[in-house]
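Data block below; observations after.
Each chain gets a letter, A, B, C and D, in the order it is written, and its residues are counted from 1.
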Amino acid sequence: MAGVIGGLPDAVLQFAYLIAGILFIQGLRDMTHPRTATRGNGISSLGMFVAVAVTVLWFEILSPLVLAAALLVGGGIGAWLAVRVETTEMPQLVGLFNGFGGGASALVAGAELVDLTASGGGLPVGVTVTAAIAGLIGSVTFWGSLVAAGKLHGLVGDSPVSTNAGHGIKVVTLLLALAGGGTLVVQPGLVGGGLAEIVPSYWVLVVAASVLGVFLVVPIGGADMPVVIALLNSYSGLAAATTGFVLDNTVLIVAGTLVGASGLILTVIMCESMNRSLVNVLFGGLGSDEESEDMADIYEGNISETSAEEVEMLLDVADRVVIVPGYGMAVAQAQHAVAELVELLEEDGVDVEFGIHPVAGRMPGHMNALLAEADVPYDKMRELEEVNPTFSQTDVVIVTGANDVVNPMANTDDSSPIAGMPVLNVGEARSVIVNKRSLSPGFSGIPNPLFAQDNTSMFFGDAKASMQELVNVYKESR
Amino acid sequence: MAGVIGGLPDAVLQFAYLIAGILFIQGLRDMTHPRTATRGNGISSLGMFVAVAVTVLWFEILSPLVLAAALLVGGGIGAWLAVRVETTEMPQLVGLFNGFGGGASALVAGAELVDLTASGGGLPVGVTVTAAIAGLIGSVTFWGSLVAAGKLHGLVGDSPVSTNAGHGIKVVTLLLALAGGGTLVVQPGLVGGGLAEIVPSYWVLVVAASVLGVFLVVPIGGADMPVVIALLNSYSGLAAATTGFVLDNTVLIVAGTLVGASGLILTVIMCESMNRSLVNVLFGGLGSDEESEDMADIYEGNISETSAEEVEMLLDVADRVVIVPGYGMAVAQAQHAVAELVELLEEDGVDVEFGIHPVAGRMPGHMNALLAEADVPYDKMRELEEVNPTFSQTDVVIVTGANDVVNPMANTDDSSPIAGMPVLNVGEARSVIVNKRSLSPGFSGIPNPLFAQDNTSMFFGDAKASMQELVNVYKESR
Amino acid sequence: MTLVQNLTLFVLSAFVGYEIITKIPTNLHTPLMSGANAISGVTLLGSVVVAGSGSTLLATALGFAAVVMATINVVGGYLVSHFMLDQFSQRGK
Amino acid sequence: MTLVQNLTLFVLSAFVGYEIITKIPTNLHTPLMSGANAISGVTLLGSVVVAGSGSTLLATALGFAAVVMATINVVGGYLVSHFMLDQFSQRGK
């Protein structure tokens, strides 16, 4: 227990951990404003550095090479992934990272049990209970996050296992995991000597929880993955906090709880903006098939198509233009083309703004992150409440890659899966241009009467290609 | 250490304290909205009840009668004071209560030292350091609050001791107190046996700190007392937290810190709304004398007086009226008369609102509390930012008992003591009626050019009498 | 270690306090002040223990005075706050 | 008593977290998610101790794997978050 600075009183270590905790909190507080957010991220990472450095220096490291190697490998992989990732792949990357965090918690709890057993120190109830919780949550998080990331990356199919079989497996694995945890906790009291033989019960728990994690996430629709990832993020925070209870470590408790709160709040916000309950997201699934027949009725004969040239003419005489981006813009990586179009329009004195729906895209703030990447000024992005009253004074709305977030059925049809979700009322503008590849539905699988409205024209095509074409046509006509 | 339920593990007591802490926090969270604030106060007091009840049941009470007597006496006095107090006397009452809290902290730390010394248990450094802090802060809080409350109640004069002598006394007593505290901390290590003889050093500290508390507050202007009380409130919270460090008590630390934060934030808010620094409030004082000669110049020949009958005629033809109350309304207890006037005007279809300046009166939210007492609906009270843009469309503004908060010099004269303080721009209204007893200045001691403006008429008289007269005249003329 | 743990509680409570108090609107600041004031009477806990179990007469007497003072603070503070808030909530709807 | 103290830390942190996170605007939620994610890699501390001082080979191996995973989480999370936020703050003035 005595590393480089380990001779100092324990209070020094605890104090360093307190400092780290303060840095985490201050880092999050700085995230409340875009101006200070980068600094906040830096402060938070400084907190992590302090905590890790003090830990390394404090404890007697029997195998410093092993540790250094592990840190280098992990740091290298993490940095490499972070550098080469595209903005569209962010959701799955966050999911992947998240899984690793959970996995680490489960492994540490296991290693601690192995260690305590080997040293014959006995397993106090406090340790076994919290190890069981960390193992359960950690394993579910690891596998659940991997599946979620796989789905978002298109590696794991959306097609669910038969629902009933799935529920069966979930129940069985959950019971198995609980049994494993129970054995772990109860055994030390009942059997006196043979501590070694009860450790395997922890691994039973881990394996069962892993299967549970997979089957919990597999049946959930691919588009609901961001909610799942936020929830699992919350879990991995709670797993860290639980590990803190096992190891009696202040900073693990504080930081883990902060993450737990953050994940939970993001989950709730996402569910609320979609107007669905968490239970519905996790176990419900959307009734996407039944609706498809309605579409023909709604669209039949009411769809007017348009071209880049026609759109250009509309823009030429417009005073105010609002651009509404959606998931398709992220998929097509069209943000740079869109930003270029906006710049051109502004040069010609047109008043242009973005209307950003809170759940446009697949993550909260997804559109803001994309547009910021394309150097769109912060104050051009308007939130739903700000932009909705202005549509009636808007000449042209360009919807690019968005669908559900501009679907008027949310207001009119109470039985629709998006009923009650606040939407952008783009239909009130003089002309609406909708840019997407086809008439196929968005995330919620329902048709969109907006496309059939009189003042709406469809501008079919991939968002990036279409916006680039529009930019070119606009440039030529100047 | 074993009272009625004292046989249970210590964790039970700690857990109950945790619950109490949660109740305090939740109580404060409910204070963020008027609708839930009463409930919040209840939750907070429930927390206090839990904490006290558990403590009484847990610890072995050698003299239950003494304890019961003390609780009854204290509770009785507290309830009696709370019931018979007038709303205008609230500031001094809060100050008085606050002082008692601080005094209790100082006494408890002393009693704990006496007890430890008597039982020969020795005085660990942790205990002496924190006892010294609690004694210092507690004594300053007690005497400072008593003086502040006395000033607000008119019992203690505003006239300061000679400034230099005052500063001298402060420095000497502070050094003395620090010396007492230092002896208390250092002695136990140096001298082996005679623990008893070092306790008196604590009482040296207490006496010195008491004198310090008196001389800190005496020179501060009477109108700055609310800031002082908020600051002392913060101190008494910190004293409680420090006592928590002495006694190793979670709930004392949590609750004390919450109060410390609350007092500090209120202090800062008050200073900011007055556009003065805390140092200026505590040690500066306002240059009230030098300005008095300007007044004649400003007012000379420019003051027009008016009467209840004339005001009534103005009101008769008004569509929109804004009432701006100030400290004078509190002094005169005119809120009921004002509320009655508003009701009459509303019955006749006039649009009436209150313009509430954040530092009108002598406490933050003072006017809101008074008007709420007179049953004025919450949504009629408009904040500065809301009401300022509406004055240009207002027919009549009635300023009653306010002065500084409607002084345009804050915007025009950079050298004035209220320079930079945002004020209510009542001068933009068609007619301004100012009701006060004379042309004498308000809290900041400077003349008010508003009174000399063309569209301003002075309606001299005590606020309550004048408003009542206005109500009577208005009723008669209907 | 206990000192650091207490310090941790202090820091966390300070953050909680800051975040919550800055959210409380101006018009509730007067009741807040007396409510916070009442909470600061939580030193009553310390007083209760000392008054009830002081081993010397001096400690008991000091404890008695401390209990009386702290109870005035607590009971008075909550009541004053309650009366004020009651008027708000009647009108606050 | 340690359990209750840990519980106290948990409760206070939960309040702090709730108050702060609910103040973060929607447009920063994506970077928040990856930043929070990085913080959750704080389990790295546990991993470091176990990996560096595990007395058995199994414990060391488990610890090694845990350190690698947690470090990926920490380093990757902060970097991703940083890249995203950098774009915001350039434009956010």
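Before moving on, here are some points about what is shown:
Methods note: contacts are C-beta pairs under 8 Å (C-beta built on N, C-alpha and C of every residue); 3 or more make two chains touch, one makes a residue touch a chain.
Being a predicted model, the structure only gives us computed values, none of them experimental.
One finds 35 Å separating the Cα centroids of chain C and chain D.
Taking each chain's centre as the average of its CA atoms, chain A and chain B sit 46 Å apart. Separating the CA-averaged centres of chain B and chain C is a span of 15 Å. Counting only residues that touch two or more partner chains, chain B has 25, 250, 254.
For chain D, the set of residues that touch two or more other chains comprises 3, 5, 8-9, 12-13, 15-16, 20, 23.
Chain-to-chain contact here is organised irregularly, matching neither a line nor a ring nor a star, and falling short of all pairs touching. Looking at which chains touch one another, you get A-C, A-D, B-C, B-D, C-D. Residues 10-11, 14-15, 18, 21-22, 25, 250, 254 of chain A are the ones that touch chain C when the two sit in their complex.
Of all residues in chain D, only 1, 3-5, 7-8, 11-12, 15 touch chain B in the complex they form. The touching residues of chain D, when paired with chain A in their complex, are 2-3, 6, 9-10, 13-14, 16-18, 20-56, 58-60, 62-93. Across the complex, chain B meets chain C through its residues 24-25, 27-29, 31-35, 37-38, 40-42, 44-45, 48, 51-52, 55-56, 59-64, 66-67, 69-71, 73-75, 77-79, 81-83, 85, 87, 90, 93-94, 97-98, 100-101, 103-105, 107-108, 110-112, 114-115, 118-119, 126, 229-230, 233, 236-237, 239-241, 243-263, 265-266, 269, 356, 358, 363-366, 368-369, 372-373, 375-378, 381, 383.
Contact residues of chain C toward chain D in the complex are 5, 8-9, 12-13, 15-16, 19-20, 23.
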